[in-house]
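Same chain, two partners: chain A is paired with chain B first, then with chain C.
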Partner chain A sequence: MMLCAVDPGQVLMAVALMTGAGLLLGAVIGLVARLFRVEGDSRVDLVTELLPGANCGGCGKAGCRDFAKSVVAGENPPGKCPVSTREQASAIALALGVEVGEVVPKKAVVRCSGTLFTSDRVAYYSGILKCSSAMLVGGGPKVCRYGCLGMGDCARKCPFGAIEIVNNLAVVHEELCVGCGSCAAVCPRGVIAIVPAASAVHVYCNSPEKGAEKRKVCRSACLGCGKCVRKDPEKFELTASLARVKYSAPEVPDAAEVEAVGCPTGALTTIGAHYQAIRKGGTEK
Partner chain B sequence: MKYLELTVGAALVYNFVLSRFLGICPFLGVSKRLDTALGMSGAVIFVMTLASGATALVYRYLLRFTAGGAIYDLGFLQILLFILIIAALVQLIEIVLQKSSPKLYQALGIYLPLITTNCAVLGAATINAQSGRSVLDATIFGCFSGVGFALALLLFASLREKLELASPPKAMEGTPIALVTAGILAMAFSGFAGLC
Partner chain C sequence: MNKSSRDVMTFEGGIHPADSGKALSENRPTLTPPLLERYQVLLCENVGKPPKPVVKPGDLVGKYQLLAAAEGFVSANLHAPTSGKVVKIGEVPGPMGIPAPAIEIEADGEDAAAEVFPPLDDWRDTDPKVLIGRIADCGLVGMGGASFPTHVKLSPPPDKPVDTLILNGAECEPFLTADHRLMLEHPRDVITGAQIMAHILGVNRICIGIEINKRDAIESLETLAEGTPVRIVPLKVRYPQGSEKHLIRAIAGREVPSGGLPADAGCVVQNVATAAACSDAVLHGLPLVERIVTVTGEVLCHPGNWKLRIGTPLLEALRLAGGVTDEPGKIIFGGPMMGFAQRSLGVPIAKNTSGILLLTREEALRHRSTSCIRCGRCLQGCPMHLSPCLLATAIENGRWNLAAQNHVMDCIECGACAYVCPAHRPLVQLMRSAKMELRKRK
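Right after this comes the complex of A and B.
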């Protein structure tokens, strides 16, 4: 008995069948691809290649490819991508022969400094650890209706891992933040603002209530005393007991300015000093 | 009775995901959100129906034939040839869709390449070949297998969306709890056993 009973005809047929099928299918695909060819714009691929590929949606489009399409169509300037550096945007502009467009780097800032230790709570919340869920239960555990809930909806959403929760308060790491705004979109309290990155100084409070009312529930709130505005009305403004840095002003305040103002509660501070204070539990003056 | 087996049997009793355990990869991969699951389901039904028909045609008329008095049985080429045909078919569908129906392409486009080498599609083709079904029966079987896959995927996706809100122990978060859920879902589907 033969060990290997292979019919040479069968082998030949198998080889012929596979070769034939391969050739035929290849030819059909080639033919159909030619018949049904869609004239894609090669520039879209080029621009997509040059974009950071973060797909963060910060430009307002559904991902980088969608943005590339709008850039090629001339609807958006390349500079509108918040993640691209100036060089990357220029490279795209050069490739397409268009203007770079205005590039104002932006950063997110969580305008609250009420940590677990410096702000009061109405009740103990032990439900699902999400700001959106906590909001459903009587508006959240914090007495202040405007402050950060600190359950990290923003931190989970951030595609760049730039938000840290320290002592029950969200803090943005500005070296990682690109200002895409995904965090601001998910924050149920609207505490997060997207501001020009040029300013290293912010007022870390979001409550428009009266100073005395805020003081009762949070030791680090802006009292609305107006000290900063009196010091430099060009750079600060006061609306309804809440001071703000004038981000649109030609000059933004720096660390020396903060020193000179001497905010009584420490709500007006630099990004670095704010982070250090929060790490220690929060400012309490 | 035959058609009961081809329809209800394929979709529920011998569900591809939950009782044959084929196509687990997309079952876990695209079930995080209901809208992606919907897109994938549509693409799977579409491809499975066409692929089952095409492979049944090939199996019947190309793999077993007589030429010059000799009978050639090339059944051993089944998997090789089926993969080739499914891949080519998906490629063709993609090209044609892109041109003729950009809307449908937008909806299914990114899922089509995922299905090319999906074991559920190949599984449907080989099961058809094993049972020696006719081309029509095979196509019906493929279609309803796709429907079964879609049903499992959509059920699972909606469960996972709910699961997002639960707070399981740290070690169970994400895929582990999803796999446990899939197991329980499979057990529930075993209740259909013996229906036909």
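Right after this comes the complex of A and C.
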């Protein structure tokens, strides 16, 4: 009813005024933008364009643009971006006329195999479902103080969706992981390690405690028996009841070697076998 | 005592828990339990650096003998709760959930005291430095819960003049009655301790703040305080009245600046139990090895108050209280608002354990948390005048800077906001996680 009382001329007037004002101000903004333009380095824009744009921070810079700036400035080689493929990095190197830079590709590994079924919990935790919050309540519900809490702080942080929580344990999908390290940075227990991607075999345990102590609270912990080290001291090492793959060694172990060692608890295993085991509830020997 | 509740002092904000649960144990006189066979004395019972053990396994020690010596200024001595043999120095379940180093003593049953310090009966003419030295020697720490070394608290920085000593007898946490019993049974120790502390600080204004639900304690202290500079201040029953900042607000009418210390408001706050321990240390030369602990909860057969030696395992304390009638939902060291849930029955009593509380399963039940309904009750309840609801949203979204700008670091984690929240939001937990995150980033 009210609409009928409005003079159509007035409406037209308002539309015309607003349009006119918009055009005028737009022109002013356009003019100012042209007059006071800051000349940036076009190469930074070019490199940013060529980078994956995940802003993961894996290179150590605040984001892709920040990394692009450092590449243009010559501080970092293009190959340092963990997400770029070899071809993408070469394209950047070609555009800038610099070396690609030899950078070892890395992957994250959650060094724990204590699932809901194979490791013990001491208390029922009903607070905020975040590892960082659980840590504040008596150090978390898991008896093992070094293992994965499985509440997914890392999975939420991963920009590539490479971490899955299976049976209350974080597992890295290596095909999606680029080794940027953002998961390792948020893990309150420091379970996640960033290791060279060449190795498909890892020791899935993080507890430096004595083997017998670990065994009491987790059926899939590394016992520190040294079987793997005796088999091949070149590729494995033992520190404080905890075996580790020697990632710095010239040759890393493969699936056949894992088979040959025959880890008594299954803590030493391949990435694929580990995932399958966790899906089934965990290794229990 | 003819003051109406309008005269009593308090602060703005806070809550009034419907059932304080104090009736379970407040009329039970403090009992001294028989000697145990073993004591596991936690090595680090103070804020700051852990003391260094001066005994080794196999050593014979007397009661009150030094077990570990303070390392540096912010640290406290540790003494043997009974005579016997040191069997081992190893890890035991700690009160914070993680294993903690402890000195285990096998009692010989004699309970023979080692040589203690000489009494300082003429403390009024003694140099404050000597008295502070004695307090440090006796290993005194804040017994209200924070366990900050007392000698450090009694040495405020010289550029911050202190004119008021406040003793905290508020005991605002529901269920706890240890300080109440102490004030009833040892009022003289509290008054003397207060005067000794005032002498050390060189202040004339001494106030003991007590909530008016402890009328008998107020009366007994008032009678004794006559003719001394000690003033008894009745306080409104309001949680968290016993918080340092809120006691200062209620009694001295001053505000501790954000991030500041009580000394910035010209005050030093000590717990009444610490004052009593101070009197023991100075007048009798006795180190701190025992304290009154409230062991309470609906599920216990005989809730009550016990004078427990440090190093008494939690399980033994529960035995004293006659065991449980039903499975408890949660066992807490301290009160229900700010206490710490325990995950092992082997955790030993420390100098700051004011209570052991067993919640029933219904009491421990966590309600499902839903979205904030913007009712603003947390804003009324927050004694620090923060906006818990807005902070919680910022924290949930990982906006740490926004939380810091809105003073999340001033949160005292009293739990008043979470207590009143009708949506059962885990507000304190969120604040704690933000404080941890921001401390990490600093």
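By our rule, the second predicted complex is superposed on the first by the 249 of 285 C-alpha atoms of A that agree within 3 Å, B and C clash if a C-alpha of one lies under 4 Å from a C-alpha of the other, contacts with A are read in each partner's own complex, and residues count from 1 in each chain.
The criterion applied here is as follows: a residue touches a chain if its C-beta (ideal position, glycine included) is under 8 Å from a C-beta of that chain, and two chains touch if they have at least 3 such contacts.
Just so it is clear, the structure is predicted and the values come from calculations on it, not from any experiment.
For chain A, the partner touching the most residues, choosing from chain B and chain C, is B. When the two complexes are overlaid on their common chain A, residue A:Ala260 makes contact with neither chain B nor chain C.
Of the two partner chains placed around the shared chain by superposition, chain B is the only one that A:Leu25 touches, whereas chain C remains out of contact.
Using the contact criterion defined above for the overlaid structures, shared-chain residue A:Leu176 touches neither chain B nor chain C, since it reaches no partner. When the two structures are aligned on the shared chain, A:Val15 is found in touch with neither chain B nor chain C.
In the superposition on chain A, contact of A:Gly139 is made with chain C only, not with chain B. Judged by the touch definition given at the top, the superposed model places A:Ile128 against both chain B and chain C. Contacts of chain A with chain B, set against its contacts with chain C after fitting on chain A, overlap at residues 128, 130, 133.
Touching chain A in their complex are the following residues of chain C: 96-99, 340-344, 366, 426, 429-430, 432-433, 436-437.
Touching chain C in their complex are the following residues of chain A: 122-123, 126-128, 130, 132-133, 136-140, 145.
Of all residues in chain B, those touching chain A in their complex are 62, 67, 70, 72-74, 76-77, 80-81, 84-85, 88, 91-92, 95-96, 98-100, 165-167. Residues of chain A touching chain B in their complex: 9-10, 13-14, 17-18, 21-22, 25-26, 28-29, 32-33, 36-38, 128-130, 133.
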